[in-house]
Amino acid sequence: MYTVGVRDHLMIAHSFRGEVFGPAQRLHGATYVVDVELERPELDEDGIVVDIGRAGAALREILAGPNYHNLDEEPAFAGRNTTTEFLAKVVFDRMADRIRNGELGEGAHGLTRMRVVLHESHVAWAAYHGELASDSDHR
Amino acid sequence: MYTVGVRDHLMIAHSFRGEVFGPAQRLHGATYVVDVELERPELDEDGIVVDIGRAGAALREILAGPNYHNLDEEPAFAGRNTTTEFLAKVVFDRMADRIRNGELGEGAHGLTRMRVVLHESHVAWAAYHGELASDSDHR
Amino acid sequence: MYTVGVRDHLMIAHSFRGEVFGPAQRLHGATYVVDVELERPELDEDGIVVDIGRAGAALREILAGPNYHNLDEEPAFAGRNTTTEFLAKVVFDRMADRIRNGELGEGAHGLTRMRVVLHESHVAWAAYHGELASDSDHR
Amino acid sequence: MYTVGVRDHLMIAHSFRGEVFGPAQRLHGATYVVDVELERPELDEDGIVVDIGRAGAALREILAGPNYHNLDEEPAFAGRNTTTEFLAKVVFDRMADRIRNGELGEGAHGLTRMRVVLHESHVAWAAYHGELASDSDHR
Amino acid sequence: MYTVGVRDHLMIAHSFRGEVFGPAQRLHGATYVVDVELERPELDEDGIVVDIGRAGAALREILAGPNYHNLDEEPAFAGRNTTTEFLAKVVFDRMADRIRNGELGEGAHGLTRMRVVLHESHVAWAAYHGELASDSDHR
Amino acid sequence: MYTVGVRDHLMIAHSFRGEVFGPAQRLHGATYVVDVELERPELDEDGIVVDIGRAGAALREILAGPNYHNLDEEPAFAGRNTTTEFLAKVVFDRMADRIRNGELGEGAHGLTRMRVVLHESHVAWAAYHGELASDSDHR
C-alpha cells in the first residue's frame, strides 16, 4: 500500500462548551499544522499515488476557508465543539469531496484511504482516518 | 476512526543481557520521548475522543514511576531486558489499566485502540499498538 | 558561554490592526511553542547554568497568564498588536523580572543573556534576545 | 503488535517524464530522510523485535547503492519515474530481500510487516507498507 | 533584538569538484529546507520586524530560480562548488538585494542582520549570517 | 560568517549530587542528540567551511568514548556533575583538540567559533559556544 503526505497549516480562534474543557472554555486559539496522507494500492502509469501539487493546492484551499477566523461564528460549526479531532474530520470530509469531484485529477479516484492529522502543539495532536468511497461507489 | 495523541518523556538507566546488544550490555541510559495515541470510532457528546487533560496526567503519572530510576533495580522488570519495545508495552499496559479503572473518565471506555511510541534518539524508536478491551469485556 | 533551554506552549486568540496584516486583522488565534534560552559565562558549583526545574516552572507560570485568553481583551496589551515578536518580548520581560526577583534561585543572578523564541507554525517563528541586567545593576 | 524504527538518508538526482510533474520534469534532486519500521507480534527471547544494529546497517547498505547517483542513469530504474512513492517501494523490496536472506538475523524471520517512509521536505513525504512473507512462505 | 523567521524549500541537482567531496563528486541532488531569519533592534509602529508575508513571498521567488534545476548548468554558479554553505550565502545576497530594493516594504530598511540556514538532511545543515547595510549606507 | 552543522547522539547513565537536582540525584540516564556547529568567516577554495565528512567522523569518535557508559565511573568526570551543559563543554573541548591536531584537515585551522548543543528531550537542551584558538595562537 502506497501513501503520499502533504503538510500545511491553519490559525483560528474558538471556544469550547463543557466542563471537561476547563480554561479552554474561554475564547482562545490554535495553530494547527495539518498533515493529509492519501493511500492507494498501486501507483498509476506516471508512478505516483496522486498529483501531489493538486493535493497540496486542494488542502490549501480547504484551509483558506476557516483560516484566520473565529470558528465560534462559522455557521457550518454551529452548536459543535470545534475540537482538534472534530476539525480533523472536517478536513477529511472536505478533502474527500474534492477527490470525488475530480479536483485532484481522474487518477485520484484510485485512492482508497485518507488520514488527516492536526498537530496543535509540540505535545498534542489529533487525527481522523477512514476509507474513501471507491470509484464505483460514487457514480 | 478518530485519534488523539499526547507526548511526554522519561529518563532512565539500564543495561541489557545478550550478545546482540553489544556495548549496550554496559550500564547506560536513555531519554524516551513517549507518544500515546488513543483511538475511538465516534466522538462523544463533547466532541472529543477522550479528556486529553486526563490522558496527559495519566501518562505523566505512569512515567513518574520509572523516571530517574535504574531499571535494572526495578522488581517489576527483574529478568527482563527493558528494551525500547518492551517499555512501549509496559506503558501500553499501564495506560490500559488506568483506562479500565476509569481514570480517564467514563467516556474513555469507548476507546478501541492505543498506540505507544518511544523515541530513543533522532534515528531510532519503538512502539506497541493493540486493541483495548471493549467496555463490556471488562465488566 | 553556556546555555540551557526549556520549551512550553501557549494557545491564544487575538486580532491585529493595520493593513499589513491582511486577513489576520480578523479575530483568529495561534499556538506558540515557546523556547527560553538562558546564558551564563561559567557554571555554578553544582555544574549548572540555572535550576532548569525552576526555569521551566517560571515559564509555565508566565504562560499560564495569557494561556486560553483573547489577548484583545487583556489590559496589559491595550492598543498594541500582539504579534509573535511582540509576545517574545513580553515573555522575555516577565522572565527577566522573575530572575531579578530571585524566583529561579540566587544562582540565576549570574545569567547574562536570554533568548525567547515563539514558533507559531512549522514555517514561521519570532524571537527576542537581549542582555540581562547584571547582579550589581539591579541592586 | 510491536514496531521498531530506524532512520537514515539518501541524496540523489533524477528527472520525471509526464506533464503532471511540471518543472520536476527537469533534472533536479532530493534528500530523502528514510524511515524503516518493522513489525512483529511478539518479542524474541532477548526482548527485541529485531537486532536494530543490523537493521540500521542493512538500511545504510541499501541506501549506499543509489546514494550520490543520478537515478536517470540507473539500469534498475530504466523507463520508470523514480518518484518518492516508487522509491519507498524499492527500499521496501530490498529490505525484504535482506530479511529473507537472513542478514538481519534468524529472529528477523518473525517480522510480519514493514513500513518505509521517505521524507522529501518538511512538507511532503511518501511511504510504502505491506506484509512480509512469513517464515514458512519463503522456504 | 527582535527576529522573525520563515521557512521554505528547494530541490536541486549538482555535483562537486575536489577530492574532499568523495562520492558527492558524482551528479546527485538535495532538498534544502531554507530558514531565513531577519533581525531588527526595535519593532515598527505595527509591532512587527517586517511584513512576514512579503518576506515569505520574496524567499519563495528567490528559491523558484534554482528550484528543480541542475546547478551545474547555471551560469551564475559556473566554476563554483554549490555547497550548502555557498548556497546559504547566495540566498542571503539575493534576499539582501530584495530588501534594499524595497520589495519587503519600506520598514524593511530597519533590518540590521540576516541569518540563512539550509538544512540538507536530518543530520547536516549550513548557514550564512551577516549584517545588512543600514538604511543610510545604501542611499 | 559561514556555519556548518552535524548531528549525532549519545546514550549514557549518570547521577547528580546536590539538592537542586531532586530525583535526578538517583542513578538514571539520558539520550543526548548532539549538534556541532563550526563557523568560519570565508569559505576555502573548495567552497566549504570544513570537510563535513571528517567533522562527522570526529564527532562520532568523541561520542564513542562515553557512549553506553555510566559517567559516574569515568575518571575524567570524577567529582563533577555531568550535567547537559557540562557535557556540552566536554564535547566542545574534545572537538577543539581534534581541530587543533589537524584531524579535520588543514583547512579546519580557519575555523573561528564552535557551538555544541545537547538536546536531552523534546523540551530541554543545553549548549556551549566559544571562540576557537586561531591558527597562529596555537603554534
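Residue numbering begins at 1 within each chain, and the chains themselves are lettered A, B, C, D, E and F in the order written.
One rule holds in what follows: contacts are C-beta pairs under 8 Å (C-beta built on N, C-alpha and C of every residue); 3 or more make two chains touch, one makes a residue touch a chain.
Quick caveat, the model's predicted, so the values are computed rather than measured.
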{"item": "Classification of the subunit C:subunit E interface as same or different, half of numbers criterion", "value": "different"}
{"item": "Fitting subunit C to subunit D on CA atoms, where both chains share a sequence, rotation angle to nearest 5 degrees", "value": "180"}
{"item": "Of A-C and E-F, whichever chain pair has more C-beta contact pairs", "value": "A-C"}
{"item": "Option in A-C, C-E or B-F whose residue-number contact pairs overlap B-D by over half", "value": "C-E"}
{"item": "Between subunit D and subunit F, centroid-to-centroid distance (C-alpha), Å", "value": "32"}
{"item": "Chain centre separation in whole Å, for subunit F relative to subunit C (CA means)", "value": "27"}
{"item": "Rounded Å distance between subunit B and subunit E, as computed from the means of their C-alpha atoms", "value": "42"}
{"item": "Multi-chain contact residues (two or more partners), subunit A", "value": "7, 122-123"}
{"item": "Footprint of subunit A on subunit C - complex, ascending", "value": "7, 9, 11-14, 23-24, 26-33, 67-70, 120-123"}
{"item": "Complex interface listing, subunit D residues touching subunit B", "value": "1-8, 37, 43, 46-49, 51-53, 56, 105"}
{"item": "Footprint of subunit E on subunit C - complex, ascending", "value": "16, 18, 20-22, 80-86, 88-89, 117, 122-130"}
